[in-house]
Amino acid sequence: MSIVYEPLSGREFPRFSGIKTFFRLPHVPVEADYDVGIVGLPFDGGLSYRPGARFAPSRVRDISALGRVFHYGRMEGFTKKVKAADIGDCPTVPIDMEMTYQKIQKFYGHVLGLGKKLITVGGDHSTTLPILREMRKRYGKPLTFIHFDAHLDTYPPAWEKDYHHGSFARHAVEEGLVDPKRYHMFGIRGPLTGADDLAFVKKHGVTVHTVDAIRDGSLKSFVSSLPDFGTDPTYISYDIDCLDPVYAPGTGTPVPGGLTTYETQQILRGLKVHNLVGADIVEISPPYDQSDLTALAGMDAMFEFLSIYAANQK
Amino acid sequence: MSIVYEPLSGREFPRFSGIKTFFRLPHVPVEADYDVGIVGLPFDGGLSYRPGARFAPSRVRDISALGRVFHYGRMEGFTKKVKAADIGDCPTVPIDMEMTYQKIQKFYGHVLGLGKKLITVGGDHSTTLPILREMRKRYGKPLTFIHFDAHLDTYPPAWEKDYHHGSFARHAVEEGLVDPKRYHMFGIRGPLTGADDLAFVKKHGVTVHTVDAIRDGSLKSFVSSLPDFGTDPTYISYDIDCLDPVYAPGTGTPVPGGLTTYETQQILRGLKVHNLVGADIVEISPPYDQSDLTALAGMDAMFEFLSIYAANQK
Amino acid sequence: MSIVYEPLSGREFPRFSGIKTFFRLPHVPVEADYDVGIVGLPFDGGLSYRPGARFAPSRVRDISALGRVFHYGRMEGFTKKVKAADIGDCPTVPIDMEMTYQKIQKFYGHVLGLGKKLITVGGDHSTTLPILREMRKRYGKPLTFIHFDAHLDTYPPAWEKDYHHGSFARHAVEEGLVDPKRYHMFGIRGPLTGADDLAFVKKHGVTVHTVDAIRDGSLKSFVSSLPDFGTDPTYISYDIDCLDPVYAPGTGTPVPGGLTTYETQQILRGLKVHNLVGADIVEISPPYDQSDLTALAGMDAMFEFLSIYAANQK
Amino acid sequence: MSIVYEPLSGREFPRFSGIKTFFRLPHVPVEADYDVGIVGLPFDGGLSYRPGARFAPSRVRDISALGRVFHYGRMEGFTKKVKAADIGDCPTVPIDMEMTYQKIQKFYGHVLGLGKKLITVGGDHSTTLPILREMRKRYGKPLTFIHFDAHLDTYPPAWEKDYHHGSFARHAVEEGLVDPKRYHMFGIRGPLTGADDLAFVKKHGVTVHTVDAIRDGSLKSFVSSLPDFGTDPTYISYDIDCLDPVYAPGTGTPVPGGLTTYETQQILRGLKVHNLVGADIVEISPPYDQSDLTALAGMDAMFEFLSIYAANQK
Amino acid sequence: MSIVYEPLSGREFPRFSGIKTFFRLPHVPVEADYDVGIVGLPFDGGLSYRPGARFAPSRVRDISALGRVFHYGRMEGFTKKVKAADIGDCPTVPIDMEMTYQKIQKFYGHVLGLGKKLITVGGDHSTTLPILREMRKRYGKPLTFIHFDAHLDTYPPAWEKDYHHGSFARHAVEEGLVDPKRYHMFGIRGPLTGADDLAFVKKHGVTVHTVDAIRDGSLKSFVSSLPDFGTDPTYISYDIDCLDPVYAPGTGTPVPGGLTTYETQQILRGLKVHNLVGADIVEISPPYDQSDLTALAGMDAMFEFLSIYAANQK
Amino acid sequence: MSIVYEPLSGREFPRFSGIKTFFRLPHVPVEADYDVGIVGLPFDGGLSYRPGARFAPSRVRDISALGRVFHYGRMEGFTKKVKAADIGDCPTVPIDMEMTYQKIQKFYGHVLGLGKKLITVGGDHSTTLPILREMRKRYGKPLTFIHFDAHLDTYPPAWEKDYHHGSFARHAVEEGLVDPKRYHMFGIRGPLTGADDLAFVKKHGVTVHTVDAIRDGSLKSFVSSLPDFGTDPTYISYDIDCLDPVYAPGTGTPVPGGLTTYETQQILRGLKVHNLVGADIVEISPPYDQSDLTALAGMDAMFEFLSIYAANQK
């Protein structure tokens, strides 16, 4: 029996009813014939302050029952162009990062090998690294990388640990997984621990769009000033703390003075990305969330990713 | 003994004290000599997702103890021009929409028959329809209609039910209660269920001011671009979800990327409305509210309505 | 491929991971070969005070990830004796009780026709009535009825509506769905609206175990004093407000002075029930819950039901 | 027009609707013909730790919409015997205890002079002292005093202030307002600051029923062991922190190991009090409450007081 | 042993660990050799609505574990220029404002006498007055005064009390503590109680920057339009309710339509202040906070103050 | 200068003021001359479900400002017999259990080498193992072990990890750190994963006091039935989830049907322990706590431990 890649209709089955999957899309085996798989990655063993991101996939599944498919700006529903599905959660070991990395690489290696595009709902930001490793393997070259965050995530080891949620970007550059020349950060702001924190991005030529830069003129002019990101395989990593703490109270290391959801919507809508191959939404911490505001912002980013996937489909 | 239409003074009686009425105004019988009656409409039987709006009148009464009467922009206190009062709650049947519609029409028909202007604190948006029916009867022609919302509320039946909180606007147009040519929506944004959702407003010529449109230039220029709404009887329906979920976490169907309270304040202050006859504030859901933020936003809209009533009073 | 009727192992897949089903049991079609189906009934259109029970199935699925199958008192795991599964949610119309009753009767009629035993996670208590109607049809005679509640639920019409969450028990007796002579209530306490409230149970000979009666001597002696309920088809309806508000803060009409979860555990464990055919857990209101205490108490009752089903299986 | 001293019916007007008064009773002027006036006393300027009790009258009014009048144990509804009403809030000065004491004494002196019985919803426990002063004046002799509390409230000055929420009982004894020989405390438990804390009650012969004493045998035997309190004017002061913090999370100085609401219900029901003239419920702090559990416990005590008033009415 | 005036490193000791001091700076005696002392002032006895500010120092200490020292805009870490430390809490009498004023003046008099600069974490706004009195004494002339607030705080007596959290600014001007010609308010907005509320600032020539004025053009142009505040001793008082309630839900008297944290950051960064001698952050009410958003905004202001102190250090 | 081992007086400095240490006791270096050191162990990297225990030391420090020293049952204040102090937090690596174990062993080895007694505020239960290792070394023989818990904590590896918060007890027995013959568990209850879960305790002869056993007769008779635990070095590990979820909502793996704080108080007070050398309070998860109920219960256990230390001091 063929699978219908449409969300369960809210006009037929109330949105509060039913077993919760991402966007009320069908839950399918990883081997099914979908184009874009949405996968949960419930791991928060890389965090430095507030925990809880392990519950993000579950809460995002729940609140994404509010999701609708038709994009008002693009005037198109993503389900017309791509078959999207919930493919369940990637296995993890909640108390061991190294073992979790192995499980992630095995899972993503398998799914990417099936030719699938992916959206990941993390988890803390340390989990992006093993995903990028498999992406790099799959596509044979460093990825174009678009990174929303309050933090640079290029920080040095902490407590003598080299891998943590604040160092994934450094490793991704050092391991050649992403191309620093095609690496744009959005939402970065201070304070920092020290001037040294900026050395890495400067040295590698990563483009940093601070909140100040984004707000220097009108939002429209900022968005239109962004380059065309071309047709190389592109990955978008959306750390929810790019948003102001008010828009994302449920996160581990909030930083005042951040972006609004409207601003990230406008940037995501304006991105000239033509070959999205992977995306993630990380650092949502449900125990610190309020009225599901943060999970809802995560759902919103997921919707923009799905719409980009659809737009990429000619 | 004549009634004093002033709020209980916070400098005499602490704002946390006393029996709670809207804005600390006197609670009076519907037959009293007030100009503008503020009425609670505690019904949430038309909702599709989160319930709770039945508690909105109670929480808005409570938090509106913080209210003050003097408008900094208009440099005038509304009590100088209009006699406003809390006239209690309209009867409802919590588990039956049809019976509630009857009770609403009976109650509003009676009060409107007394020549009163009204501000309603709902309830879900399905309750606006029976109010408009009585307004239409009272004024003998379709109303000029100003509608703040995230959603169009012109949607088709859901679960085979034609009347629900997302279809009141369609019925209001179809029943000739409001004039689509003098119908302006503010705060609308996607996503939608499908392209069809836009057909109704296009067909009837309703003016839709999306968030994108409102933010296309400066707020001041947007506000000044709005037409004069003339002297026909005008109704303002303020669905709290026009606001971003961050400004109104306590609502039933939140949509990211919405307006700020400052933006709706500026629009309400700039509206060239000369004959306000009714207004409502709906879809506040206290169980999902945080620190009464949403109820406070509701109180703020109520204050602007009272100030418009005062300004209309030459 | 045959279905494995065991919960997903928490020692293999962390309990916070995966798509949420009741007790981490497999989600199966209603026609599958399970013995006991656990079904969500997300409807709260019959409530008189706090809403929110529509979200109960979703939250109980979520928290029941903490469930374990082996009963310490019975020294047996229910999965050894019965095949239990999550069969999804019964369709509802959130804003129409009558239509919902029809959908419930259609759904339960179908599933009961397949020879299944059921556990329902409601919803408000008004939904027990249509379930009992189908149970009565299926088993051809009035059921033995065990009812945990703070309230008698035999109340008269409210707001001129005869069917609501406080009148299901009256209708169940009047319609001959349950046998008042084999009808025991547990947890009842005052205050009442008036002396009349007791007339119905007295007239029909329903046995009422008030909290005072349960605590008159030791719990053990109370439990052992209960009769053998025999082999007639038996239904247990567990209104979470039988518990003290402290144990079930997330409910619609809390009443101080209620039972503890330990007391209801002991009663459920001691019930001499030999032919359980249906059970429900109702009136959990997640928006008013704290740290999922109420949903957890609901999961606990569900576990006792599953263990009774297993014990009934000789 | 004569006032009907019955609560607004929940079967006619939903309990979530209407302007909130204590127990949905009529709000009447202090000079009306009621027997028992329920008065709010919103002051928390005497607290040593968590504030918030100023909001207690407002929240108790709100949640007491759930109240019902018929006592299951006494088999009688209080409205058959006494005319009870909400007489509003006593004036206070939120930032000055001395001025507040003056306002309290003026207000209570006036109402007592009208021959009324009273139930006060505080406020912190420091407000009981000025009430007792007026009671003492009114009745011409020290009162029989029944005091539920975790703390002795006979403590020495704090921060050089002699009057605070932990010293009211010492002053009441020292000023001769209550008779220490007819003074019973319930719910007292440690820890204390030092052995000295016990000196006062020992010296004056106040009877202290600790939690340990109450639980030494069965609750029934404890209750029946209590003396007949006779026909002298009796006052009951119910500090919500007599309850375990779990039953009253919303309070200023919680102490683990306290009573359950069931235990205080049983004690209140068993008290051989024949001439109740005043009662209060204090130390409810809504900002720290959860799902209104504490306010609900306050409402429950209020109901028992009303029922005692009714029972005293031969 | 000399004190190291650096925060405990988050890369060595996790930020959630350790005894909490402001910004993880060393806790030192008031006589130590620091330049800027951060002091807690836990008093909320001057409030008119929601209490709780007494817990602000404790929560700000806690959340400021997230603090980092390097300012992205100024490209400098404050610890390079100033020695900052936590000097503990100023003694208070929670239930007596006058006695607290005396204790504040004694404490601040002493510390200022040691030649220290200060940052105070209040407390309600009434506590700024006694601080200013000592500042005035210390510096021998009225201070330049920069005041962030939703309210003018020049209000008349309330409940016959002349000193409260809404009148400190009036007293500060009337007592000659601050120079009204060098007094700028930011964030003011309506509603007001009446037109009279504006009389005081008009009469004395205080400069009021309303939210409307701040948003009249671009933020950058507003900031650059501000005057140079010169080298006279300058004090900044930051009432957290200058922020919109969404950015500061945990406050006592929230007013919709306020500033964002980004706006206050930009203003604080752009202030041409050359001789900061004192600053405070007041009106944070933790019991009403959500996910520590308000405390975090307080920490953010504290960081900007520390950075101004560093910048003033040539 | 000699240290005063008394809590900061609440009658001099309000309990909400000051830098927070355990029980307001002095914060001293590990080498100071105290008898009992209270140490924070902020690590939650061994948890299987809800995280957050890393914040327990911080919240317990905060709420323990409510602590008082005089034990009403023992009629003695612990500070008369033992010098107790806050010795800060043990270093941890939040994202690596093995490294944390090393840091714990180093820290505890050092402190135990100084001859100190300890109370640890964890952290998840996995941290008890390394403490016991150092205790075993220090005392040269297996410890008498008293263990409060809902769970046996003798479970097999999870996710192929042998060390986690549910296996510490198994390792402690297997490594010979505790003597299973002098090992008593309190509060254990089902459900379990399977019958195998009981094999380990049966095999080793650990004494398991289930909730059912504790409640089989009166609490007093249960407590008096407990053996004398003798003079061998004794360790008490208090997992807060021994309590019912209602008494400890803030924990990682709650189990309904647990003990009350009163019951654990009575057991702790009745324990015939004569040589307490270490104790811990673990599994408090502040992000899931409500009104600090769980942290308060933790403080309460800490107070009983301090009182046992004092009682052991002849």
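The letters A, B, C, D, E and F name the chains in turn, as written, and every chain counts its residues from 1.
Going forward, a residue touches a chain if its C-beta (ideal position, glycine included) is under 8 Å from a C-beta of that chain, and two chains touch if they have at least 3 such contacts.
What you see is a predicted model, and the numbers here were worked out from it, not measured in a lab.
Trainee: Counting one step per pair of touching chains, how far is chain D from chain A at the shortest?
Mentor: Minimum step count, chain A to chain D: 2.
Trainee: Can you name the chains that touch chain B as well as chain F?
Mentor: Chains in contact with chain B as well as chain F: A, C, D, E.
Trainee: Taking each chain's centre as the mean of its C-alpha atoms, which one ends up farthest from the centre of chain B?
Mentor: Chain F.
Trainee: Between the options A-C, C-F or B-C, which interface matches D-E on more than half of its contact pairs by residue number?
Mentor: Repeated interface of D-E: B-C.
Trainee: When the centre of a chain is set as the mean of its C-alpha atoms, what distance in Å lies between chain A and chain B?
Mentor: 37
Trainee: How many Å are there between the centre of chain C and the centre of chain E, using C-alpha atoms for each centre?
Mentor: 55
Trainee: What are the residues of chain E that contact at least two other chains?
Mentor: 14, 16, 48, 50, 54-55, 92-94, 159, 246, 288, 290
Trainee: Thinking of each chain as a vertex joined to the chains it touches, would you call that graph a line, ring, star, complete, or other?
Mentor: Its topology fits none of the listed shapes; call it other.
Trainee: Where do chains touch, given as pairs?
Mentor: Every touching chain pair, ordered by label, is A-B, A-C, A-E, A-F, B-C, B-D, B-E, C-D, C-F, D-E, D-F, E-F.
Trainee: Taking the complex as given, what residues does chain D use to touch chain E?
Mentor: Within the complex, chain D contacts chain E at residues 44-48, 50-52, 54-55, 92-97, 99, 159-161, 164, 287-288.
Trainee: With touch defined as at the start, can you tell me which chain F residues reach chain C in the complex?
Mentor: Spelled out, the residues of chain F in touch with chain C are 48-50, 155-159, 189-195, 197, 210-212, 215-216, 244-246, 249-250, 253-254, 256-258, 288-290.
Trainee: Per the contact definition, I'd like the list of chain B residues that touch chain E in the complex.
Mentor: Contacts found on chain B: 10-12, 14-16, 65-73, 75, 77, 219-220, 246-247, 260-262, 265, 290-291, 293, 296-297, 300, 303.
Trainee: Which residues of chain F touch chain E in their complex?
Mentor: 13-14, 16-21, 27, 40, 42, 54-55, 57-58, 61-62, 86, 88-89, 91-94
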